[in-house]
């Protein structure tokens, strides 16, 4: 084997086995246990210590995390800017409401929500498969405005501008009107969604998405089915958003058109970009931002600050820190490790 | 259908407003290859500032000039502070950054002034005459006249003057333009400033017909982008005519299907057009060249 | 342990531990609010939001956006009344604190704000409110949490009945109001066609039902244009009304939107006779849009500010001493809401919500001067049943018929 | 098609409007050899490469791999058949690791269905193991083992060039087309690249087409060379002979080397 004397920068030896490298650097057993323990703590703290109101907020964070994970796949990984992520949340929420108010079981609601989101996602994705950039953003914006118009003009079905009172979600023993159960009802699907996106990271489909985001030319040259990859990303995002909307409705007990309008879609984008468009942890940080920060600013008496800070952060983080806050934290931690 | 001339007159006036604003969008796109979601808000800042200053006692004309000045400086600042720092390989980043500015500018204005909507001085919208069975106000006439004058003026500047050729050179290839001594940065920021002026004129005209608040220009901007997409952003006359056509189309839809029909009519159009119109109209990704 | 099996391990571990937690969760287990039972007043029990020195009340109303005029007035009126009561020693030895949050006339924001008031700030009861669509957004939540609401200004056929036992209304719903308004228009004018422009949803539908009840069998055509809150461009609606050619246009929109529509109608050259809900009787509306509303007939829910009724006179002097300004119609509305809430707090035997409900049900024939006599009972939540009629002449309100009971 | 097909081009024409980038080109690229494509700027080198890979539409003539006519095949179909290319300006996933960038090159090999991948159905671990082994093999051969988990944007330019080459080679293609792979490398880097490509070619045995300016590199790396000038073939044969022919020198240096200065 020829000795390679290429001028490779002298890098600190990463703990990697000599011969076959894994997909991701394998961490030592101690690190693995640390991560697992940390995760359990984060999950257990709200359940044990939070008062009812903040436990309810934690449940909403979990529901929103599924929507931001969907946008993480569509925008963060595949680079497709959609301004209709909240619209698909609305489709899921109202499907759940219409079926729930007619006495259908939660499982039936969930299946219907996934079906409606898939169909809605396909209807939007297929005709726009050649579009990207501004054109895709404009079409998704138009779909959102049409959805809002339909909601307002179907008052007897959806409650129109008045909004709709959604029966709290009851799945087996878990009744969403009790905050702890609401937290669990939001958390379990969110963990499944998180595992799915983490798993996506280790599949060829995940890599196709990243290549489509970074260079469609290279994607063509390696034989990646670009259109199919975009559609799969779009459908994943719309189903994730549909389920998130359904859970939001079931937990919040009330849905109305402004919850799913253009600004809601923009704030979902703010969340994903601030958290870190490509990182799963970033999607959760973004979801927490969307739910908790408005409450804080309202408590401070200046609700308008949420839009102000959101706008400023979206512009700044997108420009200066492409990997978002989580990315910054990781590189800071890495730098600390390197100097320590 | 009685009042057809009224519907057409209203449509053409609205279309001229879209065309005037689209001219700003086209100039900016040619020079910076960027679409700014915050462009509507720049116009809103002009009108809202003018309203606030006027409400505080300053005469209307001075208030309008002040508002326009703020808008011009703001749009130029957006180019200098944000747009210049967008790395060319990050496709679509201009949308995300300007979406952030869209939210930021609205929130700042709500903080400085308020989040209510206010009625704007009529600027001649109430003094009307009936021409060919349609009620035309002074405001309408000014808008249409201004649109015709400004658009043809811009056409002449672009096609016949050295400034025009410099602009087009910048659009084609900034590096080559820079190599021939054109100060590309100054020209770009200057174009953004002119676009700011156009946006403030349109925003004031729209405010005089409707009302002014922090978000009233959003739907106008979306329709302007739609017209730009239909006509093609790298051309001149087709998109501007598409803008006027969109105004008439919208006005006809409202007249025939009632007030509620405006929103769906426009947005169904954009989905149909964008999904069908071939992609070559707009070079979205800068790496289109193999 | 390769990477892939490890992450599956995490998921399984997380699931088992959270299920285990479900068993041992503490305070957050029961439903957040106890179910309200009218008869269960236990004087010893102390409800949320009450301490030995303070009673915390809450409400949401539009303090920004197109409905701001109404919300700001009601807030001023309530705070002025509570300040007067607190200066005089409060109620049963406790000061009253009211926390009023902005809901921008939007059901979704109202619902979020009310959840914060009830679950986070732990208010004892809801003191009044302004605007129907926003309040209707919080009603399901208040019912679930068992929080009583006193005299919210949210006229609607969905409220004021026993299927919403927590909501004690003190205003006639829009079906009655527009029924009476249309009757008084028909008494004095020859009407061929009526166009109604109303806030889309329950408010507009109620107004339309009221008009149709009044014109039943009289061969008068009625058409209805729904307006989505937040509309800024009224030219399309104005031109649609003009092509409809009605000689009377009835309006039930927020103050700012009503002004916007009247301006647009003037611009397209359409000037029919107009009539509207009681919001147009407020001074801020008259000041800004009075010139556009010449001859407009307006329903009246509260007494005329210039009335010589001693109780109204006392209100005027009290309000001026508290705020140093003359009251407007919405100030008057806020003042009476606080007055009714305080009356219930004075009467309640114990400071738990069931006791407050019992006190409210004991209030029959309460004379405030501002509203017609207010009366509730174990199965009566309507409160009042009277509407007056006024007319706008050169930007000032002239009372044609005082607020008299519909039934008498 | 064999593991290293010959590429036979018959009067190939590629025109952009009136401009003919390649005109009536007829040439046989020998199977299983490393072939250099040389010529001044604008000679049509990259256009030839684009035509073979399907990125540019062919106005006339034919391209055969062994006996199979491919000029009408889509890019994706050609890639599936093993015709894989690199780019003049490196196109990688900048914020991803070297391993991810190399693994994506296995796209053209049999991959489980989208649904199977999404749900992690059985059959995944086996194909993942196979992909990882292939990636590790080429990473080791190109000396990138030390930086396998580093983000590409943290690597020096030379290593990033090698990562793209690794992505091209990982699926063991039958035809490899590289567009100025040594551009931007210093002398040592060029020699190293030539050594690596020669060694990989010797082991894998594919037909390799390298568009390159550097005369020394072509002579060191290529077993055969084609010289193009404004769309025409002006010389063909072993690199030393090609660079000796007067027409090539005129095209390259503006005059014949041995003519008086």
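Should a chain be cited, it is by its letter among A, B, C and D, assigned in written order, with residues numbered from 1 in that chain.
In the analysis below, contacts are C-beta pairs under 8 Å (C-beta built on N, C-alpha and C of every residue); 3 or more make two chains touch, one makes a residue touch a chain.
As the structure is a prediction and not an experimental result, all values here were calculated from the model.
Colleague: Using direct touches as single steps, what is the fewest number of steps from chain B over to chain C?
Modeller: Between chain B and chain C, the shortest chain-hopping route counts 1.
Colleague: Which chain maximises the distance between its CA centroid and that of chain C?
Modeller: D
Colleague: Taking the mean of the CA coordinates per chain, how far is chain B from chain D in Å?
Modeller: Chain centroid spacing, chain B to chain D, equals 47 Å.
Colleague: Centroid of chain A to centroid of chain C, CA atoms only: how many Å?
Modeller: That pair's centroid distance is 38 Å.
Colleague: Using mean CA coordinates as chain centres, what's the gap between chain A and chain B in Å?
Modeller: 33
Colleague: Between chain A and chain D, what distance separates the C-alpha centroids? Give it in angstrom.
Modeller: Going by mean C-alpha positions, chain A sits 39 Å from chain D.
Colleague: Spell out, as numbers or ranges, the residues of chain C touching 2 or more other chains.
Modeller: 4
Colleague: Enumerate the residues of chain B that touch no fewer than two other chains.
Modeller: Within chain B, residues 115, 260, 287, 290 contact more than one other chain.
Colleague: Which residues does chain A have that touch at least 2 chains other than itself?
Modeller: Expected reply: 22-24, 199, 202, 215, 217, 322.
Colleague: Quick check on the complex: what are the chain A residues that touch chain C?
Modeller: 22-24, 26, 29, 32, 35-36, 39-40, 43-44, 47-48, 50-53, 55-56, 152, 155, 159-163, 165, 168, 173-174, 177-181, 184, 187-188, 191-192, 195, 198-199, 202, 252-259, 294-295, 298-299, 303
Colleague: Considering only the defined contacts, which chain A positions touch chain B in the complex?
Modeller: 79, 81, 127-128, 130-135, 137-139, 141-143, 145-146, 149, 153, 215-217, 262-263, 266, 269-270, 273, 302, 304-305, 307-308, 310-316, 318-319, 322
Colleague: Hey, which residues of chain B end up touching chain C in the complex?
Modeller: 2-3, 6, 10, 114-117, 119, 125-126, 128, 135, 137, 209-211, 213, 216, 254-255, 258-260, 262
Colleague: Which bits of chain B are touching chain A when the two form their complex?
Modeller: It is residues 35, 82, 85-86, 90-93, 95-108, 110-111, 115, 218, 222, 225-226, 229, 260, 263-264, 267-268, 270-271, 274-275, 279, 282, 284-285, 287, 290 of chain B that touch chain A.
Colleague: What part of chain A is in contact with chain D in the complex they form?
Modeller: 1-2, 4-9, 11, 13-14, 16, 18-25, 196, 199-200, 202-205, 207-208, 210-211, 213-215, 217-218, 220-225, 228, 232, 236, 278, 322-323
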